[in-house]
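Before we start, here is the structure in question, set down as structure tokens.
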Amino acid sequence: MNKKLSLLLFSGDYDKALVALILANTAAEADMDVSIFFAFWGLFILRDPDKISNDDKTTMEKMFGAMTPKGPEELPLSHMNFSGLGKKMLEAMMSDNEAPTLENFLNGVVKKGVKLYGCKLSVDIMGFKKEELLPQLEIIEAKDYLKDAASSDIQLFI
Amino acid sequence: MNKKLSLLLFSGDYDKALVALILANTAAEADMDVSIFFAFWGLFILRDPDKISNDDKTTMEKMFGAMTPKGPEELPLSHMNFSGLGKKMLEAMMSDNEAPTLENFLNGVVKKGVKLYGCKLSVDIMGFKKEELLPQLEIIEAKDYLKDAASSDIQLFI
Amino acid sequence: MNKKLSLLLFSGDYDKALVALILANTAAEADMDVSIFFAFWGLFILRDPDKISNDDKTTMEKMFGAMTPKGPEELPLSHMNFSGLGKKMLEAMMSDNEAPTLENFLNGVVKKGVKLYGCKLSVDIMGFKKEELLPQLEIIEAKDYLKDAASSDIQLFI
């Protein structure tokens, strides 16, 4: 039976999203079953900047949506961000090493059939609509995440 | 046999404490055995603001105790804190969605019998006295945490 | 058979490195098999400040190397760093309690035979040379980490 990897991506940092997606891609290539549960700030990477809508949102939800990162390119670094300079350096160094970008890795997990789950409570609180997020995302509850994680060989909170 | 969840709460951030307590409550409701090991900054959420005492503390411990969050309400956000504005927005959005507060979730784990462990080394270094912390907390060593975690189906470091 | 602990140290924070090394030392003392996979910022703790070299590095790699922490003593705190003041307080409080330093704990894992792995992709992107890092470090790929983690009883992402 295949080994199984369960990731909970809570962080909205560029580098933490990167490591989560690198692990997910690598595990899927090694024939592991992989699922990622996106919660809280982890949902920002799944926002499609072209589909953001303010319909049916409270004023607070609109403000929050405007102040927070819209999609993978707007995420900051967890360390050494220096108002974006550290991130530009990291991106340049990744490019020098011909490493794929965060978006490449996100496309990779979609193509490889990694299961992508979004946390219902987080989506409700932040006021995100399903149409604003990656279409492959399935919204589930925390108890469903726990069930999936308990049957996995590796669980990481990122 | 019941599945078992082991959380190590290291962070002193409001949102990370929230996700730890939501997972713990959800798991306990699903009849999982749950334990939380509070270490370092994770202990701040367990401080009772009405029971803080400076007896038998070094000057450094007093200063450290005064500069750090006293109980669940004073914890900052890990992202987008904006000197507290981001946190107020998040709390308002949680309230709009009738989500319980951090304190509700903390009361929930106590009522549901989640095992609450505090890291002895952290308590000693930070100079916290047992009477200043949540009464249900049991102080244990890192080796006891590892034994408990090794027998769990899910382990997360938050 | 011995229980097995697998840590992924991603963070470059002093306190998170400290908790990772405390857990690793404690587990090794309790006869667990222990491995640590150092990725991204987690590699900074393994830099030897006396062996930093700029040979064969791009301008970007030199700048990045100069701007980032060089060895265990230069890591900041994840919370309450206050430009280094919070860290000095924590170090003083650890010393008051006769707790070992971060360097002591690093020496401890080396002596106890904890397996120390470095992430190849991170080393390549950051432009670190093997000679600049702790000699006991073995450079491996993410898929090797996943294999090791999947056979462990506890996996934590720190």
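Chains: A, B and C, in written order; residue numbering restarts at 1 for each.
As a working rule, a residue touches a chain if its C-beta (ideal position, glycine included) is under 8 Å from a C-beta of that chain, and two chains touch if they have at least 3 such contacts.
Remember, it's a predicted structure, so these values are computed and weren't measured experimentally.
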Relative orientation of copies subunit B and subunit C, as a Cα rotation angle in degrees, nearest 5: 120
Interface numbering overlap (same over half, different under half) for subunit A and subunit B: different
Centre distance in Å when subunit A and subunit B are each reduced to the mean of their C-alpha atoms: 25
Multi-partner residues of subunit C (at least 2 other chains): 155-157
Complex contacts: residues of subunit A adjacent to subunit B: 8, 10-13, 39-41, 58, 60-61, 63-64, 67-68, 121, 124-127, 141-143, 146-147, 149-150, 152, 155-157
Residues of subunit A defined as touching subunit C within the complex: 3, 5, 15-16, 19, 22-23, 26-27, 29-30, 32, 78-80, 86, 89-90, 92-94, 96-97, 99, 153-158
